[in-house]
Every structure is written in C-alpha cells, then in structure tokens.
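The following pair of complexes shares a single chain, subunit A, combined with subunit B in the former and subunit C in the latter.
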Partner chain A sequence: MKKNIILLFLLMPVVFYGQKFSTRTGTVKFEATVPSFEEVAAQNKSVSAALDASGGEVAVLALMKGFRFKVALMEEHFNESYAETDKFPKATFKGKIEGLDITKLNATGQVFTITGDLTLHGKTKKITDRVVVTRSGNTITITGSFKVKPADFGIEIPKVVSSKIAETVTIEYNLPLNKQ
Partner chain B sequence: MRKMVLLACLSFAMAATAQEDLLNELDSVQVGDEAYATAAFKGLQIVTLQTTKIPAKNEFYFVVSHRFGTVKDGISEFFGLDMATTKLGGVYGITEWLSVSASRHTMLKVYETGIKYRLARQGSSFPLEIVGYNTAGINTFLEEEDYPKLEFADRLTYTSQLLISHKVSDKVSLELVPTYIHKNLYDPAIENDNQFAVGAGGRVKLTKRLSLNMEYVYNADKPDFYVNPLSVGLDIETGGHIFQLLFTNSQAMTESGYITNAAGDWGDGDFFFGFNLYRVF
Partner chain C sequence: MAKYGNRRVVIVVILLFIITGGYLLYNNYLYKDARNIAGEQPAFTVNATQLLAEYQEGTGAATAKYLNKTLAVQGKVTSVNDSLVIIDSAVFCAFTGIKEVYVDETITVKGRCIGYDEIFGEVKLDQCTLTN
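And now, the complex of A and B:
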C-alpha cells in the first residue's frame, strides 16, 4: 500500500504534466489612443502560449517586432524609440490561473483570477487580473485584458507626443490553446 | 513516511518550475522571420543625398527644403537668409520596395522626378541594404528666345545612383553612393556630359530622436572651379515630422546640381544654411 502511494506521488507530476495545451497563433492587441487624436494601436497575431492544465500554469511569449500598426511610421517609431525591439525582442508572461479545473470548463466561459509576471522592455511587473476561460472540445481559450503604464516598464514618452499617447495602455489577449 | 514527504516536496518543486519550463519550451519553438535591420536612417535624405529609406506602401511624404544664400554675405543679407531657394515636393510609396517622387526647385526652375526601388535588404543573411535611385530633371529656366534651336530634350539631366547602406549598430549607419550623371545640355569647354561621382555619408544618433549626419561626394569629372560637396546635418524627429537642419557648400538641391555644381568654400566661410522638412501622411 505504502509503495502504491509513493508510486502515485512519483507519477503525479508526470501525469499532470502531460495535460498541456498550446498555440502559436494567439492574438495580443494594445491600445494607447487618446480620444480625438490619431489611433495608437497594434496587434500581434503570432503569439505563442502554453497552458499546463493540471496546475493552471500559463506561459505567453510575443515577439515585439510582430506588432503591426496601421501607420508604418508609427511601427518604426515603436520599434526604434519606444519598445527598442532590437535590444528587447521578446515580451513574456508567466503566471497561474487560480483554481482552474479543466473538467468543469464549458463553452460559455468561466471567470478566474490570473496572476503572474509580465516582462517587456527588460522590466518585470506583477499582474493580477480577471481572465475568462472557455473550452470546446480540445481547445481551451483564454481571453482577457489588463492595463499597464509604459512608465512602469521604463518606456519613455517624450513631451511633444505625450498628449497623443495614453498614459495607461490597455492590453487585450485571445489565446486559443489546442491540446498537444 | 519520510520518503513520502520527500516525494511530495519533489512534486511541488516540479510544479513550481513548470511555469519556467513552459516558457522555455515556447522559446525553443519560436521560429522568427528573417530579422531585417530597420530604419538605418530616420529621413529620406542624409543631408542632400538620398538614404536607403523608402516610404512604406501608401505613405506620402510632403517635402519642403530651403537652401539659403551664402553665410559669407554677413548681416546685410542676414547670413544668407534673404536669399532663399526652395524645393517643394512629394514622395509616394507604391509598394514596400518602390516609391516615386516629384519636386519643383526655385534654382533654374527645375522640375525633378525620381524613382527609388529596393534591390536588397540588410538582414541576418545579407549585410547591405541596396537601393536604386534614378532622377530626371527638367530645366525650365532656359528660354527659347535665348536659345532658338532649343529642344525639349536639351532641358533634361539624368542621375542614376546606387545607394548602399550598412546599419552598423543602433546608433551608427553608413552609406556609399556610386553616381552617374548625364547632361543633355552642357558646355564642352568646361564640363563633361557624362560625370561619375562617389558619395559617402553616415549618421550617428545622439539621442533616440536626434542624429548627426555627414556626407561628402567625390566628383571625378568636375571642372576646377567647382568643389566636391561636403555637408553636415542634424535630424530632429518629432512623431510625424522629420526636421533636418544643415550646412553645406553646395546650394543646389537637385541630385545633379548638388553633385556637379558645388561652388561654396568651407575654408573661406562660403557655405549655405538650409533645412529639409518632411511631413508624413
């Protein structure tokens, strides 16, 4: 009996580690538009993400050069002067969805709390927000949005344009994860 | 029992590293596209020479440039500012690799049209950005009253350039510009109809939005009384505008005039102040 329990403990991480969901085509959008000024927004449609369903661990990786703006010059400035994507090519998030139980998920969605570390422009900040998780078949979709301040990540906005770029940026994500 | 606690600890430890493992796995599957060097230059011009930058598709650049009179004239001409020459023009991106331009110059009433096309991009597999640039200038200053046999073709001057740049680092970019100029109308006593020149220039970024630029052109076929153009400039970028302040010993702003008719003299204090202003739509 004792041996069986030991075996169970041994296998636990292995078994649960197998319940993994992932994508390479997640979407992350950010929006920093100030009303009545030119739109400042971009979208990245090739975001990678993975979910370890047993513990609710989530990891997300976006290449900063993958963010597309409507205005090419804005994209150039984003890469050159704001996000400095040559120096800091990746944005990552690693965290956890609290109390996730994938057997109880449905297509209408359930709200959980997600906490974790967002790293971009070489700086890391703790994020805690609500997340909606839906499941249909072998696809678990994680969607949500949260707000960050560029200043918290050491991204300077010069005075001449500060009135045209929002102080708080809204980041929206949609990650449809398929069972591996 | 002790064994069980140990195992429990072990499984917790494995769970804790799971986030890190997940991230590392993502890292390993990321296959990025070819990483191209972007924005070797902020503006479409280093000072007067073109850079390898091409407007994006459907982007329109409105250009206003001035070259004032010689600084040597002193306070009576307000250091040249009383004698402005102007270039008004536009540049339009047809595709990501092709743009067309048209401009009107005060000097010799020249209309200049140009075409710029990217041949190679600097990236992880190739170290150079190579762009072709061709212009045709139409001199409308020539009067038929003065030259009765004048034909339209006589008004034309052609420039062909290869713009070859290398972004050395975030801050430093260099460019080399082999140039061929053909003038339909020329005075054989003083100049050749075909002239070859090589330009070299570069920029050093001082801050994120400020860069110091410099360029020099060696003209192999110039007559003695002209000099080789040498210019310095400062790029100031403010969102949708690029503002270039400059000093040069060549007052003309057409490609051919700039390279073949430089008449200033840096050593003698005979040089020109000017600026290029770009507004991007």
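And now, the complex of A and C:
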C-alpha cells in the first residue's frame, strides 16, 4: 500500500504535466543506392521513440540488428563489416523540436526544425533538419528525412564495393507516437 | 579418335563444374536465404523477467550472450497490439505471421534477440513465432 502511494506521487507529474507520447513501432529506413546498381536499402520497423510534448524533446532508439535488407548477404555485410552491430548494437537520437506547441498541431502537418545528436557506430554527430509533425487525436506523428555520410561515423566502405554504395545515405523516419 | 573423345568429356565435365559452381555460389552465397528463425533451435530458453534482469545488470555481458541469438522466452502476456506482443512488461516481441495471443495468457515465444531498448526498459525480439 505504502509502495502504491509512493508510486502515485512519482507518477503525479506525469499525469498532470508531462504530456508524453511514445511508440515502440516507429519506422526508420535508409537508402544508399547508386543509380543502375543493385538497391542498397534497409528498414527497421521496431524503432522506439518518446516525445515530451511540453519541451519538444525527442529520444529515438533503433536497434541495429533490427534493420532488414532484401538481400541476406547485404544484411550480413552491414552487420559484420560496416555498422559492426555486435560492437555497436544501437543507434540513438536525442534532440529537440524547436517551438513545438502540440495544441496547435493538425492533421495536415506543420514543419519544424529538429536539432540533436545522432549516435551511430560509436560516433556522435549533430543533426539539424526539417521535420513534419502531424496530430490526429492522441497520436502525434513525426516524419522526415536527412542525409548522412557513413565516413562521418567512422564507417569505412572498401574500395571494391564503394562504387555500388552511395556516399551519402538518406535516412527516412516515421514515428507515430501515442499518448501515454 | 579416342583422344578427341576424351578431350570432349573433359570439356563437358569442366563446363558442368563451372555451371553448378556458379549456381551454388549464386544461391548459397550471393542470394542465400535469410536466417529462418522459426526453424532454428533456440540457443537459450529463459523467462522474460530473467532476460530483462540480465540486461539491466550488465548490458555488455547480456549483449555478448544473447544478441542475434534465437531465444525461447516464457512469460505472461501483458499487452497485445497488431503484430507486437509484450511479455511480463519485460520483453517486446515483433511477430512475423498471424498470432492468436491474448492478454494474461502464459506463452513461449521464439524470436531473435535484437537488443535492449532503454526508452521502454524492454528487451526486443523480432521474427517471433509462438511455440506452444
């Protein structure tokens, strides 16, 4: 009983102030296809994300093993040689959506600026890009895309295959966040 | 005449080698099938809460032990939503096919461990199937 009361007090700020939105099933896709070569793309459909609506803080976590490729060998190379996912099992983004006011959101969407730190392959890089935020009922959806260079994260692509993998990788995300 | 016959046989044999070799390379290496988690024997059988506890005690050790391995995880269903099932509020399972799972049911899920999710404090499995 005492434990329950303590728990209630701990949860109070969440109930009253913290408008938390989150998802376990966000999607992150990346594509590094070079025209006229085989598609180099992968998708992760179980990305976790949380948004603190009052401050616009966003946290995203993608488990690297969750990226699936169409070609099994490509997936193996990604895991073993490039992203080294045994050593670096996750990619995270911690940032902020500037000027987010959830009461003014609508279903058609508004464009905001998102800034934050992307950590991947053990390296962190600052990302600033545009983000589209829509709201319908208790779901806030954050979508957008940005470009990164594998080299910035210390991912080396051997010369033999470098002509088949784009120098800049496009990362697309879609995070439908539900009210907690 | 016999000499030419032999040469032809050798050429045919070499060609067959190249063709089958190429075929095997194409199928088993370049375009080999992805792992079939549903068909694999689980490397570990654990309770959902125990698996989570191991990750929370030492992520490094648990990662080395479980990451990318096929696990059989037991526990009580605490949440069901589309293709995902959460067991004991500890393990998140993303299913591949159809599943008949209900809240409060005790189940065993076979899936591939993809790591620990700090945002929700859960261990994630993908390519899950029901084993009982």
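Everything that follows uses one rule, which is that the second predicted complex is superposed on the first by the 163 of 180 C-alpha atoms of A that agree within 3 Å, B and C clash if a C-alpha of one lies under 4 Å from a C-alpha of the other, contacts with A are read in each partner's own complex, and residues count from 1 in each chain.
In this section, a residue touches a chain if its C-beta (ideal position, glycine included) is under 8 Å from a C-beta of that chain, and two chains touch if they have at least 3 such contacts.
None of the values given here were measured: they were computed from a predicted structure.
Enquirer: For the overlay on subunit A, clash or fit between subunit B and subunit C?
Expert: Superposition result for subunit B and subunit C: clash.
Enquirer: Does the superposition put A:25 against subunit B (first), subunit C (second), both, or neither?
Expert: second
Enquirer: A:45 in the overlay: touching subunit B, subunit C, both, or neither? Say first, second, both or neither.
Expert: Second partner only, subunit C.
Enquirer: With both structures placed on chain A, which of the two partners, subunit B or subunit C, ends up touching more residues of subunit A?
Expert: Per-residue touch count on subunit A favours B.
Enquirer: May I ask you to decide whether A:61 touches subunit B, subunit C, both, or neither, giving the answer as first, second, both or neither?
Expert: A:61: touches subunit B and subunit C.
Enquirer: Applying the document's definition of touch, where does A:95 land relative to subunit B and subunit C: first, second, both, or neither?
Expert: A:95 sits against subunit B, while subunit C stays out of touch.
Enquirer: If you stack the two complexes on chain A, which partner ends up touching A:158: first (subunit B), second (subunit C), both, or neither?
Expert: first
Enquirer: Counting only touches as set out at the top, which of subunit B and subunit C does A:130 meet: first, second, both, neither?
Expert: neither
Enquirer: Is A:86 in contact with subunit B, with subunit C, with both, or with neither (first, second, both, neither)?
Expert: A:86: touches subunit B and subunit C.
Enquirer: Between subunit B (first) and subunit C (second), which does A:77 come into contact with in this model arrangement: first, second, both, or neither?
Expert: first
Enquirer: Have a look at 2-10, 56-64, 74-82 or 110-118 and say which bit of subunit C overlaps subunit B after the superposition.
Expert: With chain A aligned, subunit C clashes with subunit B through residues 110-118.
Enquirer: Across the two complexes, find the residues of subunit A that touch subunit B and also touch subunit C.
Expert: Touching subunit B in the first complex and subunit C in the second, residues 22, 24, 48-50, 59, 61, 63, 65, 72-73, 79, 86 of subunit A appear in both lists.
Enquirer: Spell out the residues on subunit C that touch subunit A in their complex, using ranges where they run on.
Expert: Residues 29-35, 63, 67-68, 82-84, 92, 94, 112, 114-120, 122, 124, 126 of subunit C touch subunit A in their complex.
Enquirer: Quick one: in the complex, what on subunit B touches subunit A?
Expert: 3-4, 7-8, 10-11, 14-15, 18-20, 22-23, 25-27, 29-30, 32, 35, 38-39, 55-57, 59, 170, 208-209, 237-240, 280
Enquirer: Given the complex with subunit C, which residues does subunit A contribute to the contact?
Expert: 22, 24-25, 45-46, 48-50, 59, 61, 63-66, 68, 71-73, 75, 79, 85-86, 89-90
Enquirer: Residues of subunit A touching subunit B in their complex?
Expert: Spelled out, the residues of subunit A in touch with subunit B are 2, 5-6, 9-10, 12-13, 17, 20, 22, 24, 48-52, 55, 57-61, 63, 65, 72-73, 76-77, 79-81, 86-87, 92, 94-96, 116, 158, 160-161, 164.
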